[in-house]
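Input: a single structure, listed below in structure tokens.
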Amino acid sequence: MMPELDKPHEECGVFGVAANHAQAARQAYFGIFALQHRGQEAAGIAVSDGARLRLHKDVGLVSQVFDEGIIAGLQGHMAIGHTRYSTTGSATAPNAQPMLLDTRHGPVALAHNGNLTNAAQLRQRLMEQGVGFTSTSDTQVMIMMLAASDGGSWMDRITATMAKWQGAYSIVVLTNEGVYAARDPWGLRPLTVGSLPGGGHAAASETGALETIGCDGVREVHPGEVIALHREALIVRQALEPDLRLARCTFEHIYFSRPDSVWDGRVVHDVRYRLGQQLAREMPVEADVVVPVPDSSIPSGLGYSAESGIRFDIGLVKNRYIGRTFIQPSHEMRVQGVALKFNPMPSVLGGQRVVLIDDSIVRGTTMRHLVGMLRGAGAVEAHVRVTCPPIRHPCFMGVDMSTYDELIAHKMSVEEMRISLDADTLHFVSLEGMMTAIGREQGYCNACFTGQYPFEIPETAGKFSLEPMGEGRV
Amino acid sequence: MMPELDKPHEECGVFGVAANHAQAARQAYFGIFALQHRGQEAAGIAVSDGARLRLHKDVGLVSQVFDEGIIAGLQGHMAIGHTRYSTTGSATAPNAQPMLLDTRHGPVALAHNGNLTNAAQLRQRLMEQGVGFTSTSDTQVMIMMLAASDGGSWMDRITATMAKWQGAYSIVVLTNEGVYAARDPWGLRPLTVGSLPGGGHAAASETGALETIGCDGVREVHPGEVIALHREALIVRQALEPDLRLARCTFEHIYFSRPDSVWDGRVVHDVRYRLGQQLAREMPVEADVVVPVPDSSIPSGLGYSAESGIRFDIGLVKNRYIGRTFIQPSHEMRVQGVALKFNPMPSVLGGQRVVLIDDSIVRGTTMRHLVGMLRGAGAVEAHVRVTCPPIRHPCFMGVDMSTYDELIAHKMSVEEMRISLDADTLHFVSLEGMMTAIGREQGYCNACFTGQYPFEIPETAGKFSLEPMGEGRV
Amino acid sequence: MMPELDKPHEECGVFGVAANHAQAARQAYFGIFALQHRGQEAAGIAVSDGARLRLHKDVGLVSQVFDEGIIAGLQGHMAIGHTRYSTTGSATAPNAQPMLLDTRHGPVALAHNGNLTNAAQLRQRLMEQGVGFTSTSDTQVMIMMLAASDGGSWMDRITATMAKWQGAYSIVVLTNEGVYAARDPWGLRPLTVGSLPGGGHAAASETGALETIGCDGVREVHPGEVIALHREALIVRQALEPDLRLARCTFEHIYFSRPDSVWDGRVVHDVRYRLGQQLAREMPVEADVVVPVPDSSIPSGLGYSAESGIRFDIGLVKNRYIGRTFIQPSHEMRVQGVALKFNPMPSVLGGQRVVLIDDSIVRGTTMRHLVGMLRGAGAVEAHVRVTCPPIRHPCFMGVDMSTYDELIAHKMSVEEMRISLDADTLHFVSLEGMMTAIGREQGYCNACFTGQYPFEIPETAGKFSLEPMGEGRV
Amino acid sequence: MMPELDKPHEECGVFGVAANHAQAARQAYFGIFALQHRGQEAAGIAVSDGARLRLHKDVGLVSQVFDEGIIAGLQGHMAIGHTRYSTTGSATAPNAQPMLLDTRHGPVALAHNGNLTNAAQLRQRLMEQGVGFTSTSDTQVMIMMLAASDGGSWMDRITATMAKWQGAYSIVVLTNEGVYAARDPWGLRPLTVGSLPGGGHAAASETGALETIGCDGVREVHPGEVIALHREALIVRQALEPDLRLARCTFEHIYFSRPDSVWDGRVVHDVRYRLGQQLAREMPVEADVVVPVPDSSIPSGLGYSAESGIRFDIGLVKNRYIGRTFIQPSHEMRVQGVALKFNPMPSVLGGQRVVLIDDSIVRGTTMRHLVGMLRGAGAVEAHVRVTCPPIRHPCFMGVDMSTYDELIAHKMSVEEMRISLDADTLHFVSLEGMMTAIGREQGYCNACFTGQYPFEIPETAGKFSLEPMGEGRV
């Protein structure tokens, strides 16, 4: 659960359910539990029994934030939930979700995955109308806009408000009237719905979460769609026309999603497998063993092995219980080689020409460390293969990778990177090869590779000019 | 720290400081520490260094919410603080203060003691303008109105907004520009300012808190006044004309304030002493010993004793370490006489005719228990004397005593009460006698005794129609 | 709950109960709750249902260590409990009581108030026999000796072991066979027993705790006695002859005990009242007002007032909610006069010649501060009167006052102290006067005043040579 | 971190270090961190600076029990650490290790992995000598025996005491004189030592932990050996002759150890790979895909695939963030198929004949669930292969698998199990095949498969007759 220090970070997972029993919160618990990989900093569930909204959220893992007493107290047949990743190391709660607001239309709760690129403008406009904000979060801007909306129903209000939002948003909304799921017209972040076998419907960021709670009839919430979840049915409205430049996030395939999730009709595990195959085709190398960086690159390692005929093996062991340690090794210990995250397998690597498969390189620090580890364990060659192209541009749609400075590929050519990483060869899958592996020619946002964003990005999109408000418990 | 179950409850204490050093938060800590008796449920401090606001607040006693690391992290020369009493037993944080809001005028924090009687209407109006609320607190309505205000300075905005507020409010406001203290034109709740000997100024609900931090030049914030606290000076503006019907809360004398605080120019301890004298004059009785209900009635017991010539003694011992226990005695233990809050002193009470002095009777449950305790310890007569008139009407200005149903004096005559309490005689000080002891003929709100409120109370004043939003951490 | 920094400290309160229901732990909760003033650092309860012992203890106030779930889980008809004061500020648990040990005679739990002066020798002897210890506590030595005892019953084992203990011990012992209360032959620390009205018996350090739970038939456990508590009866054995030099701790009268407790047949409140009278007789002074240091000196203030005819008033206000704050005022704030513990009452003190009554002076720091406070509030004379003689010698029987260095009266004459405290006059009650107020000529330990200990004190009595073992949770 | 419900459980991991700097505790932190897989219930570190022992331990993961402040406070150049698995779900701390005892030889701390089969007798003997115990743990028996030992040095005391212990013990001992590592003469549990590159030596349950902190010169502590760790050297003593029937635990290969650890000279990953190969040779089957139960069976899955030529793929996804959830799905949710631990991959499994590889079957419940999951995801055949023989006998050497009742293989034949699991075929590797994969003919304890224990097991070996002592914090 230690944040993967050199990986892009997804901001959130969302979940919603309309059940035929009063334990919707319990179902939401298992839903966000299955989305824990999308965010480990905070978790929350809001529930409604049709008359009243209740909310519990806090900093921590899903299993830490909730206990049996809390879940039992959250009675109601409708619920939404959220898991949150945060860029700050501090244990502050203010931006935990769902957010809950009392409005003239009654109380409403919102959980959001994504990032509004025009949030700063929208927030400024609301402030000029006299609204104050308790946080700098774009989610609070969104829920305040729902509060201000004139529409006659929540479907209308969500529809009307969506038209003003630019950027990535997959949201679930809870009111005493219903549960709603909505997705931006670019389809940037995933969102899916399904039926519970015994009755009721659920929505989740990933199909894997719906599978976990036993759903069938799973399908995407289409870009621009709003869906009201009911016990008996889904009520669907195409609130906004899907944008012509559909812009699904490629990184859901590369790294974010569970391997068992389906994204854009493709099983993520299978895409990763084909990305490995593609790498083997694009830049073959003579080698003895294919070693994945666990766990996310195991499928691509298998694909590379299958395509190249080079045997696959586990050459790096990951410490799975690492938790969120804030203890740092002393300088002496670092010099002596304290290895926190991975240990090498000399019996697998010794004397071998190794193909090391990883999903992505952001800063390059971890990869440099891993190559050194391979060589220390006796590998005679280290051929690094990466299942996405070089990340040269920041993301403004909800992935924590939002400055140029931190991107090694923004500052170096591939050859410079190879030297910097001390790899014998280095190859990133080509943009075309990646799309081939995905099995699509277009419909994806590849802005972090190409700099071509699906829409114009305001200068203020990266973050607000405000410092975070408050310290500790606020 | 167990809530006094049969006493009226004050809602809060507030504190503000503009210091000539960067440790304003530390000074605020000692300020709210000295106001802990006004609320034990939650505590918070907001601080500004002129560029940024920081906030820390949580459920618990002042000494539990803050530690050295938190205080050290709250750097800045301006601060406000708050202690909160809550009517709910649950450990929820959402209504803890200060509240902090980012606005078009920059961030603002607010701490409030009192209750707006027109909060529901104001809130409704804001909601109709599209504003949503994260809590049902009137404080959030107030801060949101400050955010919406057009004034060119914070002094102007506070002034303009005060005109719309009806009810009790003693507030401190913190922005990056300054610290402000303001009080409603009826003067319902106390608020005072003073100078720090080494430079700087402070405001607090009670003079006792200013004394605790060494202030001199202490004076009231006058009804309707706004005062900007600066390092070098106080900038004073009479924002609203004081209402002709000044309405200071009598209960600050009776029960709420520290005995060392000055309220309306009178030392509270001295008022209480005179209330005891007044009781002795109003309804003399032959008796052997005057026993106060500790701790608040010790001064009035001394006054009663001095006036009547009957000796004073400590006949009831209070368990001072009682904390907030949620363990309940079993039925068996109750029958066996488990006494949690007070123990009687048979050596003081045995064979004696006892005058028992208490400050007030709300439900009557505790007094009934105490009279039984006196008799059990051998008292031959129990003469109950109360230093305020019968409480027959609810309070809508921030005291937790807001329904008729819970008031024994609303349902019974004094004679019926006497029988119900099993007292030999029962006397409440007369309204006139109470005012004599205070030394004023008017200028006080005695609505809880008379039903004559200082202004018209809307039907919605008691509380909002909304249920509290959220459970646990929100 | 802040430790009274300049007072002697009691180490503990103990409680035991044999009930006629399975909720003995609940009764023990209220018992130790009423003994909270004897120790605020840690609390614990052990319970037996006749077949199994269960224990819960932790650092904190009684109300913090236990909640309804914990109490409900401690089923059984026999229980003992303990509250502990600790000299260390750190939050370590290892010395919390009761201690629980499995022995060849079955499990046994022990809670102890006092201090064995020969603990170091006994511990050394056991260690030489091969026993290891998990703490430096004398209580662990005691329970290990019980484990090693050969006697055929717990009564026999306790009896046999007591003969080897020198020093102060009032203990309660729990096994699956019964609950036992025992007291050293010098009677140093209090211990009492009583009957529960509905059946069952209880023991407690003070009668006040037995009164709190409704006991009648309360009497002392006599020095040297062991009493087995049963549902129907008390089984009493004089295990050791009472020592000819009975040595009750005078400080139980002076400061430790609740005013409603009875110690040596005297109500503590009444003794304190007479101590005040005695002071007035011993050293009269012309003055205007008698002011007690709250809360413990209120009864002696009343006595002084009655005897001298000088009026009594509350001139110092104590901050009752002070908690255990670890926040320290900055130097600047100290200079500005931050007053944490007491505030003076200028309306009571101004222009007055004040007699200030306190129970004891250890280091003198608080008294010096109080005298300055009186003068700052306008007092024209400050006459300090103390209800015990000068403390010139350390205590080795369980009071945290165990080095000469910290005792102002060890280093200065009364006149030097008067100058140091800046008092106009200073008088400590005489030893004879104190005993007169108590109403006994002998039978008390006055070693801290006289240096005449009831038995020879080994050099190792003060504390063990060992550092505390472990940090944090052990 | 959820306990693997249908797996055997290791009881502990131990670590010791003698460093050439004062941050031995920090090194111990990373050491037990790398042993977290051996126990997730509690963790502790004891440290010595040569003059004083300090200890910190608590319930929780290593990363939860320690923070920077705690580690920084544990100064000293010698340290031992422990991670603990517990059979109880409750959050009790009493049995956390290291244990610390003050003895006539000075303080000593002990951390232990294993189980003494004669602990009950030894404990009884000590109790008869008058020693009491605060827990039922065999570790406390061990440390109390060290305390009682007469030897002239800690090496002598450890040597002398080891002769009395029967069963599995790999221990580290800390005193102010040194750090010691010792292992039982049967070699049941692993224990290894190595040199820190910059000076100093370390010991750990597994080589993987020594690798993690950068050790070289790693070797086993031989059965029966005691090694004193010094800054400059290892001082080795063969305390007991290795037993002729060496009895290394086979399950370290099968399941317990990290794949990168070396056990008995074999890399655990490689043994697992060969176990997969062996399974393929012993019972070939026509199939389409080899699917491991993640994560421990990935190496054996690769071996099976390599040997059989059937492709390897990831057909089950493990929820890695599952934490220790105590929330249970409702009955409705179970019926609807809530899948907490694993999700199936229909794209891998659909229409396939699947070989499912797992390391062991204890109760059979998880395997039954997994087979159902495979079929639900479209697998047409399910061939279960297990990398150890049927577990028919309990373990008394520290593995939590100590009653016959819970073992499916004790109650059913392989064919009955196959039917019960709903597998098409079921094969457990043969004992001979397993030993072939390990590459040894003897020297292992296979008692759980064969019932042939390395020594006679007393009736009391399984657990003590005592109930656990105490609840909550003791």
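Chains here go by letter, A, B, C and D, matching the order in which they are written, and residues are numbered from 1 within each.
To be clear about the criterion, a residue touches a chain if its C-beta (ideal position, glycine included) is under 8 Å from a C-beta of that chain, and two chains touch if they have at least 3 such contacts.
None of these values were measured; they are calculated from a predicted model.
Number of steps on the shortest path from chain B to chain D, with steps defined by chain touch: 2.
Taken together, chain A and chain D share no touching chain. Residues touching across the chain A-chain B interface largely coincide between the two copies, over half of the numbers being common to both.
Annotation: 48 Å between the Cα-based centres of chain A and chain B.
Chain A and chain C, compared by their mean Cα positions, are separated by 59 Å. Averaged C-alpha coordinates put the centre of chain B at 35 Å from the centre of chain C. Contacts with at least two other chains are made by no residue of chain D.
Taken chain by chain, the contacts form a single closed ring in which each chain touches exactly two others. Of all the residues in chain D, the ones that touch chain A in their complex are 1, 21, 23, 26-27, 29-30, 33-34, 36-37, 40, 61-64, 66-68, 71, 196-198, 208, 211-214, 258-260, 267, 269-270, 273, 295, 298-299, 302, 306, 311-314, 317, 319-330, 332-333, 335-340, 343-348.
Interface residues of chain C facing chain D in the complex, by the touch rule stated above, are 46, 52-58, 70, 73-74, 93, 96, 99-104, 107-108, 124, 127-136, 143-144, 146-149, 466-467, 469-474.
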